[in-house]
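Labels run A, B and C following the written order; every chain starts at residue 1.
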Amino acid sequence: MDLLSALSLGELALSFSRVPLFPVFDLSYFIVSILYLKYEPGAVELSRRHPVASWLCAMLHCFGSYILADLLLGEPLIDYFSNNSSVLLASAVWYLIFFCPLDLFYKCVSFLPVKLIFVAMKEVVRVRKIAVGIHHAHHHYHHGWFIMIATGWVKGSGVALMSNLEQLLRGVWKPETNEFLHMSFPTKASLYGAILFTLQQTRWLPVSKASLIFIFTMFMVSCKVFLTATHSHNSPFDVLEGYICPVLFGAAWGGDHHHDSHSASHGGSHGGGPGAQHSVLPAKSKEELSEGSRKKKTKKAD
Amino acid sequence: MDLLSALSLGELALSFSRVPLFPVFDLSYFIVSILYLKYEPGAVELSRRHPVASWLCAMLHCFGSYILADLLLGEPLIDYFSNNSSVLLASAVWYLIFFCPLDLFYKCVSFLPVKLIFVAMKEVVRVRKIAVGIHHAHHHYHHGWFIMIATGWVKGSGVALMSNLEQLLRGVWKPETNEFLHMSFPTKASLYGAILFTLQQTRWLPVSKASLIFIFTMFMVSCKVFLTATHSHNSPFDVLEGYICPVLFGAAWGGDHHHDSHSASHGGSHGGGPGAQHSVLPAKSKEELSEGSRKKKTKKAD
Amino acid sequence: MDLLSALSLGELALSFSRVPLFPVFDLSYFIVSILYLKYEPGAVELSRRHPVASWLCAMLHCFGSYILADLLLGEPLIDYFSNNSSVLLASAVWYLIFFCPLDLFYKCVSFLPVKLIFVAMKEVVRVRKIAVGIHHAHHHYHHGWFIMIATGWVKGSGVALMSNLEQLLRGVWKPETNEFLHMSFPTKASLYGAILFTLQQTRWLPVSKASLIFIFTMFMVSCKVFLTATHSHNSPFDVLEGYICPVLFGAAWGGDHHHDSHSASHGGSHGGGPGAQHSVLPAKSKEELSEGSRKKKTKKAD
């Protein structure tokens, strides 16, 4: 703590928490979000043939967190769309990423070093959104712990939590999976972050909000940049969950193990909960097997 | 009416309508609701591998009626989650039912005599919810008949009316059916109850609210306990609907006939609308036939 | 403009914009909407076997625009259902169209000359709804351009924008398409109309609201009557979009080309964007081909 005060962390955190997000950080958020939309299979054809649907998807990617939070808190769903400048900025990013001549803009922003900067800035926005969301929920429900956590979570996760709906808009339907079943790292981190910020807001965590924002932002930025740089889908929570979940729930939290099924079939090579997976796999593989064999047999019949 | 006054039904009903629901009756509601969740195929594996999704499903089962009613009336969707004690109680029930060592809690509460008591108490909560929901809607819309009925209905039916969404959360998708197409007994009873309570609220039914709550609770408790004890899916409304629906709609209300297709194939053995089914079946069986023959042919090809 | 003033268009438009919609125009709206519901495959069987689901679908067809607009603006979803007379009128129309003896009512209203009159009157209601929706949104968000356009759009399009949900209610599920992907003429026209009315509301379009209502109604009525009379699914916007979309988005707006795939396979015979389609078709036809060949092979195997 001595070192921290020597660095005057408090002041640094305070000034950091006051940096305005619009337009630079928001721009990064939009760029990375719409970049991920472009990575989705079929997204480019969609933008060519159905620009309106593609634009709506882009808006969901950029403002999904506001829409979900407004839904939960009973406010107008399109409330945030009254920020014309934000919507115009997001629309411009959408247009540039999808329709820029020679794909120039896309090539620039998806160049890894550039992308890493944007990814880092996106996490800054994410953490700030969680903090603001919980503050907002706390304003309405002073003792609504669950409401605060839920609001913070949806503000942090955004479109991921309504991925089924977003896919449906693009004509894609994958009911067998959703973000609640297979949580990605940002979704999980948002949940844990929401819990931390709720504890801070209700004074159970003896730390200033500015410091928490600063520390959690540093954590998120370093994790996300590392994961993006290494193209990894592992999550730093895997180890921890591997030890806690078997105790609490009698099995490992299967989210990510399922997500990259290669490592799961290697017997949990990324250090997840040992033993727990064995009880999980049969149920799943049986399903897959029967599905697979059905397909194979149909093919044979062909 | 003489007998009733001799029994001082009025006073009994009044004191009955004032019994607080929290925590004993609410507890029963949570237990039965989450018990039904555990009966769903795949629910146990889900709880092992995806505890967050399982917990969310459990919350939908316990508080779905509040969420739907809030959605209809434009209030915050998670408003009811500000009742921390209710949510904690429901979470504890969820944990005990799914993760109790040796499945002890589950075995206890699913033991038929015990379960019947909980089922009876759940119906008490259901009827009270309908009454409160209609009172609440009446407060907002004094002449909104349809709004009152709708609010009472969703308050009584709860998660059943959003079963598709709840299944989707668990990665299950059955678009070909939903609660509106194949209404279960509680859903239908909630609808009829909502109509009765709306008539009472708008003074078309000359009976006190306390008496109506008492009488309708007795009806629901006896029906539901009987149906649960006999593992029956028939509905006491079948006979009535069998006579009214052909007159009004030219065919029997097919909900339950479809639900237990065995009795339907026996030619309506449970006394449903005679004759009406013949006009209904061909359309359905043709569908099923083509579906079935397709499957059979695929199998043959294997 | 000289001619218009000679016709005293202003006064005509003003008095036209003051014609009350209830009950005659609303009745036409309900009739045409529920007529389209009856055209859906399976709708008649649904009404016989599941009257409640059928009635709910009919209500969505009649009041979907209000439900969606209320959802967007954070108002109670069933707010409009407090208009008992409207709901009763729509219910009566639903009953007559589906259950009238000898199908008499249906035969009358679907007789082409009669239907054309109703279709024309429905468009009057649609345009008025767009105007009212934008006025309402403007009242809440003075500078919310996007909110005004969105509100006007959903008020004009109605149930079309939630067709997936409406189908799900009937047990039908077609995730591969939706109204955002394949916009019908009324949906597109509502979008363009919403933009025009928003420009008018924010004084960028130097024309009185009454005149705009009048002109746009005339346009919609003539288009829709012509399209209905000729059983055509083409859209008058196709030509315009065929020239603008390739410039803006590098490809023709594929909505309708896909909708009637016959004309698309003829090489864009209705004057759409030349050349653009060639880049679009392969992606689609490949999909269709593989789907088709799979089916054919399965059949062969049978």
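Throughout what follows, contacts are C-beta pairs under 8 Å (C-beta built on N, C-alpha and C of every residue); 3 or more make two chains touch, one makes a residue touch a chain.
Just so it is clear, the model here is predicted, and its values are computed rather than measured.
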Rotational angle, Cα trace of chain A fitted to chain B, multiple of 5°: 120
Numbering shared by both copies at the chain C-chain B contact, with half separating same from different: different
Rounded Å distance, chain B centre to chain C centre (Cα mean): 35
Residues of chain A whose C-beta touches two or more other chains: 74, 298, 301
Residues of chain B touching chain A in the complex: 45, 47-53, 56, 70, 74-79, 81-82, 84, 87, 99, 168-173, 298, 301-302
Interface residues, chain A side, partner chain B - complex: 71-74, 140-141, 143-147, 150, 164, 175-178, 180-183, 191, 245, 248-255, 258, 279-280, 283-284, 297-298, 300-301
